[in-house]
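Down below are the structures I want you to see.
Two complexes, one shared chain (chain A), two partners (chain B, chain C).
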Partner chain A sequence: MTDLWNISLIISRQKTARKRYFDTFQLEVNPDEYVLDAVERVWAFHDRGLAFRHACHHSTCGACAMLVNGVEKLTCITSIRSVTHNSGKLKIEPLRNFPVISDLVVDMSSFYTNLELARFTQVATLKDASLPYEKEQLDTTHERLVDCIECGMCVSACPAAHTSEKYHGPGVLAAYQHSYNQEKDQFLLEAVDCQDGVWRCHNAFECSSVCPSNVDPAWRIMNLRRIIIQTRLGRLFKK
Partner chain B sequence: MENSPSSSKFMRWFDPRYRQVGTWAFILNRVTAIGLTVYLVLHLFMLGKLAQGPEAYDSFIALAKTPLIKFGELLVVAAGILHGLNGIRITLNSFGVLVRYQKQIFIILLILSVTAIAYFAYFMFFLA
Partner chain C sequence: MPKKPHAIIIGAGFTGCALAHDLALRGFSVTVVERGEIASGTSGRTHGLLHSGGRYCVTDQEAAIECIDENIILRKIAKQCIEFNSGLFIALNDADLEYAPKFVEGAEACHIPLEKLTGKEALQLEPNINPGVILAFRVPDGSFDPLRLALAFAASAHKNGARFLTFHDVTGLFQDGKGVVAGVEVWDRASDKKISLQGDIVINATGAWAGQVAAMAKVEVPVVPTPGVMVAFDKRLTQHVINRLNEPGDGDILLPQRRMTVIGTTSFEVDNVDYIPVIEDQVREMLERATELVPPVRNTKMRGVYMSARPLIGTIVQGRSLSRTFKCYDHQINDGIDGLVTITGGKATTCRIMAEKTADLVCQKLGIQSECHTSEIVLTSYRNFYQS
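Showing the complex of A and B:
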């Protein structure tokens, strides 16, 4: 039987337009439980006023993305054992670069709107839903859900997104790449060929390192750059 | 709002905590760029000594041979090498080349940089 751990759960608390503070809760947990389980336990037994998002509990909805000890994590699949130790601390904060609505809940409406503008579809053929470097690319008409679960962790981790509100952000740019790959519509390229599009990216690759779903936004942004450069050069030589 | 993006949060760019190799490269590129820019200004200022006659310039050259200034010059060489090689990595990645191997390329360029900096240090302090 697994020994139980005593941990300090330090949770960021903030209501709109009020100052942020931290509440600490002492919990006895099974280290193989997930971080989301611990947050839910705080809500169930310590503070019913704690606001946080969660839904599927199996990494499909992307709702429970938070900062865990400073790193973006999908808390429903992050075991407590992997991020702290017995008698250790777990600091839970909302995702960065989104306005806080309440405690751990952030306003992601602009992110979703921009995904719609990018004509992002949740379903694609097996080939279109895969990255070119992935081995299993079946050229069939069968479809599957695409990898992006719209969790927003890529935006939270991106250093360029810290300082620019207008920046499309990695997730949205990845959606543009995905849509362009399917539609080959020049409008999609023009929408990202700007200062707040692909050229704002500073190659930190944090988006790809925190992505829980292998979307690899950084690769997609670089791919868009390549396509844009090729298109520009093509135009130059046609003239 | 506190958690929203803002240009005033640029200092976060230089915070490497909890971040990956890509961010370290990002920070290194900014720090070396700032260093090289400051050096350029100092360099132009020192060249201005030429206009003040040979004595002023000779006294500056004597100062440039002191170990402290030599160390500063070594930092400039280091910044130039690191910034230049990292720039090649970023350019390759931006053309969609070797994007998946950006970490490995960064480690290779660090090894090359350390080797080159060690060579220059030996040359500047023991041979020159």
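Showing the complex of A and C:
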């Protein structure tokens, strides 16, 4: 049996039209449990008013993304041991760059609208679901759910996301790259070849560093830029 | 035009969302009240196996037939969030081989299509399974994304006018002078306000929590919350779902999902379903069982561990031997309380038919003639749930 830890969970609270504040809860936890388990414990045993999103508890749905001690984490697979120590603190906040609905719940509706416009589908062949620089999958008849779980962590971590409300953001640009890779439709390239598309990215690579699911949005944005430049050059030489 | 009947559904898991979709199509005004968000309870934490029915074709044929019928329908209407890579039932020893004829007979009785494979053929399809495989059967299993399946039903309901009040806890049911349930009292957690909602019918679709909600109207529902553990590994080791060719037991299903392999599950009973801690012994057991089916699991990093509480319909028998079928209770017949229906039991794979049967009962109770169309209509994109 693992020794239990005592930790302070400092949770951001915000109710409709009220000011944001922090609540602190002292918890005795198994450090091998996940941050989401600790948040759920607060709801189950301390404060039924706490609002947070969660569903699958094993990183397939993307609902439980939060800021943990200032860093984007998918809380269902982030062990408490990996982010604090015995008698340490865990500061839990909602994702950045999205409006807060309540406590830890943010409004991601415009993110989803843009993913829809990118014609991003959740199921693809094994080949299309993996990144081109990975070892080639031999069997292409099988399909799988793709890597992007639409958690929004890339948008939260992006230093450029706040510079324009219209910026597509890393997750959506990655979705365009994914769709273009499958469909080769020029419309998809034109949709991102603009100031608020691939050209607003500042190459910080924060999106790829926080992505819990191997999407590598930064690589995909760079890939889109390369394809766009190639297409433009191609047109130039045809004239 | 007469006023649309108003149905209040408590719970936005698979059943609540599928029911909202069904009733909205039948012309109801629908309000779903949910204390969390979509699929925050058992539904979200389900294994993610789209059953072919093979698991139950010997021990629980009613559930097996429901599974294969619904499997075929979900392939059509919820393609957006399902991996259709089929499943294998693999035999590793003499006991498994002895089970094989019963399995073939059961599958035939439940019209589950089977493809018989030799051990060698199975290994060619799935090189990572136990090389000691003697015999295998291929069945039409699949893997789904739990949240997105529930969301797809919710989005379709939303498109047809259903209203979802998430982060709203039901604090009570209110009854009129004759004891008829006439609505619910809810606490809106986002604004910290209490509100009352009136409805022509209230449907308790809270699964493992159905007993608690029914108790608000002082009626009993024999639901037994029966959790099991699931362990997700950090690599997709097979493309097919790998099942043990034997009676349903612990840790005998390995499910590929995205880049992961998820093994489940165990079965025990609890009283408090709001928080179920992970039991370490069960995790070790899962690792043992998973290694038996697919040996490379041993060298694969564990990614996540979680518990999920099935809502089994209670009788005198316990745990695994309880049927995996569902039950719809009209509390007028059982307890003399009108205006309240409870739907519980069942599985994710059968959520649409659970909703259909419940909606049939609701229509019958309210004297409405209306047919179910959910088996024909392709669900709208799950992302549309979040559009106003």
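A few comments on the model shown:
In the analysis below, the second predicted complex is superposed on the first by the 235 of 239 C-alpha atoms of A that agree within 3 Å, B and C clash if a C-alpha of one lies under 4 Å from a C-alpha of the other, contacts with A are read in each partner's own complex, and residues count from 1 in each chain.
The rule we apply is simple: contacts are C-beta pairs under 8 Å (C-beta built on N, C-alpha and C of every residue); 3 or more make two chains touch, one makes a residue touch a chain.
Remember, it's a predicted structure, so these values are computed and weren't measured experimentally.
Applying the stated contact rule after C-alpha superposition, one finds that A:Asn6 touches neither chain B nor chain C.
Legend: residue contacts after superposition of the two complexes on their common chain; A:Glu206 is shown touching chain B, with no touch to chain C.
Comparing chain B with chain C, the partner in contact with more residues of chain A is C. By the touch criterion stated above, A:Asn97 is placed in contact with chain B alone, chain C being left untouched. In the superposition on chain A, no contact is made by A:Asn86 with either chain B or chain C. Looking at the shared chain after the overlay, A:Cys76 reaches chain C, while chain B stays out of its contact range.
Looking at chain A, you'll find residues 17 touch chain B in one structure and chain C in the other. Here chain A touches chain C in the complex through residues 1-2, 15-17, 30, 33-34, 37, 40-41, 44-45, 48-51, 53-63, 76-77, 101-102, 105, 108-109, 112-113, 115-116, 121-123, 126, 139, 142-147, 149, 213-214, going by the rule given at the top.
Within the complex, the chain C residues that touch chain A are 36-40, 43-45, 48, 79-85, 143, 145-148, 150, 167, 169, 189-192, 230, 232, 236, 239, 256-260, 262, 274-275, 277-278, 280, 303-306, 308, 381, 383-384, 386-388. Those residues of chain B lying in contact with chain A across their complex are 1-7, 9-10, 12-13, 17-23, 25-26, 90, 93-96, 99-100, 102-103.
Here chain A touches chain B in the complex through residues 14, 17, 20, 69-71, 94, 96-100, 106, 133, 157, 159, 161-165, 167, 202-206, 209, 218-219, 222-223, 225-226, 229, going by the rule given at the top.
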